[in-house]
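Structure in structure tokens, see below.
Note that the chains are named A, B, C and D in the order they appear, and that numbering of residues resets to 1 at the start of each chain.
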Amino acid sequence: LVNNGDDGSSEADITVGIVYSTGGLGDESFNDMANAGVERAVSEFGIDYEDAEPEEVSDMNEMQRQFARQDDIDLVCCIGYDHQTDLEQNAAEFSDQQFMIVDSMVDADNVINYVFREHEGSFLVGQLAGLLTETEYAHAGGESNPGESIIGFVGGRETSLIKRFEAGYRAGAEHVDEGIDVRDAYAGSFTDPATGQEIANGMYSDGADVVYHSSGNTGGGVFESAQSNGRFAIGVDDDQSVSSEDFSDVIVASMVKYVDNAVYESIQSVVEDDFSGGETNDLGLEEDGVDAVIGQDFEGELPGDITSSIEESRQQIIDGEIDVPTTTDDS
Amino acid sequence: MSGLRSRLAGTLDRLVDASPLERLIISVASLIFALVLGAVLIFVSGFVATCDSPVVFVPGVGYGCYNPIEVYLTMLQGAFGSPVSLGQTLQETTLLLFTGLSVAVAFRAGLFNIGTQGQMVLGGLATALTVLWISQFVPNNAIGTIIVIPSGIAAGAVVGGFWGMIPGVMKAYADAHEVITTIMLNFIATAIAFYLVNNHVGDLSSDSVLTETIPAVAQFPTSIDSSRFSLFALGGGLLVAIGITLLYTQTVLGYELRTSGLQEAAAEYSGVNAERNIVTSMTLSGALGGVAGAIYVMMVQYRWQSGIPSFGFDGIAVSILAGNNPIGIIPTSLLFGALKSGSLAINFSLGVPTELVEVIQGLIILFIAMPEFFRLIGKRSGFGSDTPATSGGEQA
Amino acid sequence: MNVSTDSISREKMLYTAVVLAVVAVACLWLFGPVDASSISMALRLTVPIGFAALGGIFSEKAGIINIGLEGLLIVGAFSAVASMYALSLTPIGANVWLAFGFAIVASAVVALLFAIACIEFKADQVIAGLAIWLIALGFAPFASTIVWGQVNSPSVDGFDEWAIPGLADLPVFGDIFVMAPPVMLLVAAGPLTWYVLNRTRFGLWIEASGEDPKALDTAGVDVQLVRYVGTVLSGVYCGIGGAALALNAGTFVGGGETMVNGRGFIGLTAYLIGNYNPIGAFLASFLFGGLETLQLGIQQTSDIPIPSRLIGVLPYVIVLVVLVFVGKTQMPSSAGDHYESDD
Amino acid sequence: MSADDESADGAGPGAAAVHLDGITKRFPGVVANDDVDFAVEQGTVHALVGENGAGKTTLMNVLYGLYEPTKGTVRIDGVRHEFDGPSDAMDAGIGMIHQHFMLVDTMTVAENVVLGNEPTKWGGFATDRSQAIEETASLAERYGFDLDPTAQIDEISIGEQQRVEILKALYRGADVLILDEPTAVLTPQEVEGLFDIFAELIAEGKTIIFITHKLGEALEAADDISVLRDGKLVGTVPADDTSEEELARMMVGRDVLLDLEKPDAERGDPILEVEGVSVEDDRGVPAVSDVDFAVHEGEVFGVAGVDGNGQSELIEAITGLHQPSIGTITFDGSQITTASRSDRIGMGMAYVAEDRQKRSLVMDYDLRRNGLLGCQRLPEFSNGFRIDWDSTEEYVDDVIDEYDVRPPDASADAHSFSGGNQQKFIVGREFERDPSLVVASQPTRGVDIGSIEFIHDRLLDLRADGTAILLVSSKLDEVRQLSDRLAVMHDGEIVAIVDPDAVSEEELGLLMAGERPDGISAESARIRGRESA
């Protein structure tokens, strides 16, 4: 879409091109977060931006290049790891163009990289899930099932990135109790909420209290299922209790990945003429790159011992006392 | 006056009735109708969409965001307006040429290969792995390229051909309908490729599901600056189109392949092993799909990455639009290539969703499927005699 | 006469039944017992597939091969959610049944257009069906983007589950009888469709229209009308299936292959496996629903780390195996042919 | 030209059930019926004869409301009708049984009979199946048809299917029954059965019009015979006052030799030897058991039998489309039992297949391409890789010319030709390439007498040139007239090989039924019977 930003009266004469990842806007998580970052830059710096939503991974290359070729574009934001290989070549070819990439690293002087330690945030929500399954707790639209110690994880496609979410989540749950049964399943698609819903249904009916998803639009089905089963769910990338407000009564927390901050910061560096190409920002809990954010309906409503032990782990991870794995044992 | 009119009508009569010409007219008319319907869709949807600078105001309805003519001009500009756009268009054209030919080869033999997509996916993967491996042993120069690129194409053809052979065998020996088996095999091919790349043969350090990038020796030399298009690939496609035409019109094998697909019992009568020929046709078709995958990997993406665009399905449209005539596929693949690269442009500069082009492509196919529609229109407007239509012999 | 081919196909059907049974038993034995929730889940996953399959039977038996079932499902899914959304902006408010109705109408209208192309304009049915799919595949995300600015819809309300009085209170399996209305519709649609096709005048006409339209025509029945009705019914059924899919998930997702994700093609396969028998088609659809349930279950419980992507292709592989055994199904002999009454 | 038929104008109301007055039916480029006046008296059997394309079917389709006439009127029982479709005609008491049966194979006899007029129950929602069965059964009983109302159409014989068609018409209250070439598909016994049914129907006051190419049948079964030529009615004559010769002259416009002049030919060496051959059909059921015979140069070796007694499988084993389970086949001195079909073609075996639209022609190919079918690897037409289209075209033009294929258009698709012309083309293609053996299966099925005469002449020409001919036909007069020796097949076995001139049609009928008539003895015409083998 074009004509974003406040027309013409830009304070800083900066234009940004942003290429999202497949799945597009409206995923109520990853891409929408990136968009939020740009929008914030628009309102604070008065920049202009143009954006492009690739339908397929293969569209990304041409979209990057279209922006790179335009002289008035100062920064091209590439949202998602799928941009990496194309960007490696394009960064070399368009060496005067400034790029930023989220979720992957491209070793070039004109690219600034932002990667996240999703497993750290996932650890915290895993711990939250583990604690909830062992507690008798009811609030808003859900209640726990103290009879069973089962929690679930729903992935989109079984890629190493999503595996990292799962690994952190498992480790968090195990940190609470080795005996917790963490079920996982992959829907095979980031756009199949019906399957996501059925996976979650199965998990809940087997006695799961909480299901965490990292599956894009498929996750909508997980929330739907949580709501109809009266159980809890954990969102991803964004505070989904806000972005998917209809489900705020079951979204106990979200593993937020501050893609918006990354996008905003990169634009800021361009606006302030402080672009540090070649740099990699590895963002975890410590850098406020990821975090477990309690859902808006659950703010202050979770048992104190739960919140405090999560707080404790957060510190321990930051301090290096807990080492969060990036892979599950079986993969 | 009346003499001129009747002469003109006579010419048009002959045009409407003549078979190959008729097909051409129908193709062009389908395109025009689809574009007109597309324009209506663009215009109407402009009233639903929100935008900052509407192009039209209709009292009582509201503001319309899109001007169809502007949209089409932008598409044209985006397809041919600059060397880079032209490169993009020709890149798409080259790939569609191969997938279209893949579909046409099967169609000519009376088989409906919906599986070109799957054949392309697996063929492309085979190419990527093969060239990654072979490149280690060849010099990093033109000689290396001369060795590596043909090997990559061969690998794609072999694997794509194998994947096409499966539904061929199932059709020939178990009577399983190729439309269903090829649809199923598409799903299976995508999953197998994903699994292999994600878990075994890909770049396991990447979060994306992709192979390593192929080295420069394995990349087609680009013919237009800053776009990934190679005249070698396009030229190869043109040669293949001519070759297939000759195969089917001039050779015994082509004759036998067609006969087997059209009427198995008659093929047997003529002394042909119809089953084996069905397998051959599907294998040939699959091999061309595999070559399309090979070119995609070596000319466009320089690696295999999950989410191969739907060239296989678009190939069906390209082939049907051309009446499954290999030479006719040349202009139709150019048309669809232009539509595709034009679609990126309208999204970029006008904010019209790229899916519009898919709708237009679907409409083209729909109109192509019903030649009777145009005959009726022709008759209504007084042209063409009302000879009953014989079904298009070339189509399935 | 044809006694021979008939007995061959019966033999093959027997094979098929055996293969299916073996597969089913093997799956059950490997992956634990069947319980109420897994049956409910399989039923829910069956809904879009089953409706597509039953609808496809009407159309193809009447002589119009409808390969565009997938597209009709997409139309149903999109229209249901778009109607919910649009209704919520009107004083009527979001009403799930109204939206359901609109979706059925929308899908039926598209099916009617398809029928007009095939009957009036003698379109090649397979190609026109393909076109319907492509158009829907492009149109739904296109319209989503126009309406919502993105290919995905915001979330909308869906159906509430209903408990069947009495049955729902049964021990162990009672939970199966608490289900959303579309599931109930599907369970009813199988036998109902069978009844309509096998016991009513209209059913006879449908069969004659697909097998030997001339015989029907000379018997004084309007073949084209029968074909229109059959094809529009396939649209109605797909409208139900697509709407059920989207309203159950409470959203429309238009990215990739859209949220319908190949279910229409599976439906097409299901009725072929079921050999055009509505009960068979229903069971075959249920087999796919069940396999999907098992596949998702295996992922969660099995200790063997089988990659989900490979388990996911199981249904497709089974289709191929089944096709090898069933081979040519008893396709209605005039399906795919134009019919033009001579007068 | 037009009616020299007095009943059309002379008879009072009621006497003539059907009056067609001045019917003209034009198709683009063709006048199928040209000002035809045609009348049929109530309670009679009326035969309609004429060459292929003479307009018989078209005329009857007009009467049945399938076609609207370009000009002319239809009167039934004196009342003028304008039919808007077959259902109007049915309401007026017209029933038609088409050449190709209009029965739904997958439905039962009763369902087919009631289709479109189903008895219903539950307020019209459900069909009343038991009533349908009952009504069908009682109707069948009334006319003495032996039919099981619950049998599925594809499980009953052709003759039975024809009876279902008749029942269908009767169920709808037909008083006038039109049958288009009803005997073309029947065995001689079934034909007799059909004529008995005619008698029953006439006794019930019905009127029957039937189209036929077999003049003998017209003379036997009809009261009156009308002849069409080139769309015009040549005349209507009472069956008792005419002869086959006269009818043939009326049809063709010239004298036709009905009895073939079969010149003596030199019988030479055996070309095809079949020894102890058994063939199983596709299901593995034995279809041909232990058959021996030889076909010599300059000889027509006929095979007679009721369809389905193994002739097709035997032919396929000889032509290479089907492997025999045991036995040997020798062709021109070489063993070809397992040789491929294309090798046999290359050795000079020509084959006119029984099912021409399935085997001998590709319906979507034009004649040019069809001319290549089976010849594509012969050196005259290709070098094995590249097709020589020039010589193919020359050959095809020759065939079209020599065999009078109409229209003479090599670029027209096969499906646009009538059955007779398709057959002439096939025969021409196969005969013109100097074969040493011709295998001809039902070469004149559905072909008009002019073309039959032509095809027969060509077969005898080939014979005179020393070609060996294996002729399979279910037409007894054909095999009897043409064959030098005649094998009769029953149940997969050759029951006898006889001299066709020395056996009567009755004796052949009995042999075909698997019985050995007393008259046939070792020393009578039998050359070699089964037991002696």
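Convention: contacts are C-beta pairs under 8 Å (C-beta built on N, C-alpha and C of every residue); 3 or more make two chains touch, one makes a residue touch a chain.
Everything quoted here is computed from the prediction, not taken from an experiment.
Number of steps on the shortest path from subunit B to subunit D, with steps defined by chain touch: 1. Just to note, of B-C and A-B, the chains joined by more C-beta pairs in contact are B-C.
Rounded to whole angstrom units, the spacing between the C-alpha centres of subunit B and subunit C is 28. Between the Cα centres of subunit A and subunit B there is a gap of 37 Å.
One finds 45 Å separating the Cα centroids of subunit C and subunit D. Subunit A and subunit D have Cα centroids lying 76 Å from one another. Residue positions of subunit D in touch with at least two other chains are not found. Shared contact sites, meaning residues of subunit A that touch two or more other chains, fall at 1, 22, 53, 55, 157-158. In subunit C, the positions touching at least two other chains are 149, 151, 307, 309, 312.
Here subunit C touches subunit D in the complex through residues 1-4, 6-8, 199-201, 203-205, 207-208, 211-212, 214-221, 330, 333, 341-343, going by the rule given at the top.
Considering their complex, residues 1, 22-27, 53, 55, 152, 155, 157-158, 183-186, 188-199, 201-203, 205-206, 217, 220-221, 223-224, 228, 244, 246-247, 330-331 of subunit A touch subunit C.
The touching residues of subunit B, when paired with subunit A in their complex, are 51-53, 84, 88, 194, 198, 204, 206-210, 213, 226, 300-303, 305-309, 344, 347-351, 354-355.
Chain contact summary for the complex, subunit A toward subunit B: residues 1-3, 7, 22, 50, 52-53, 55-59, 61-63, 65-66, 69, 81-82, 84-85, 88-89, 93, 103-104, 157-161. Taken together, the subunit C residues at the contact with subunit B in this complex read 67, 117-118, 120-124, 126-128, 130-139, 141-143, 145-147, 149, 151, 262, 265, 268-269, 272, 307, 309-310, 312-313, 316-317, 319-320, 323-329, 338.
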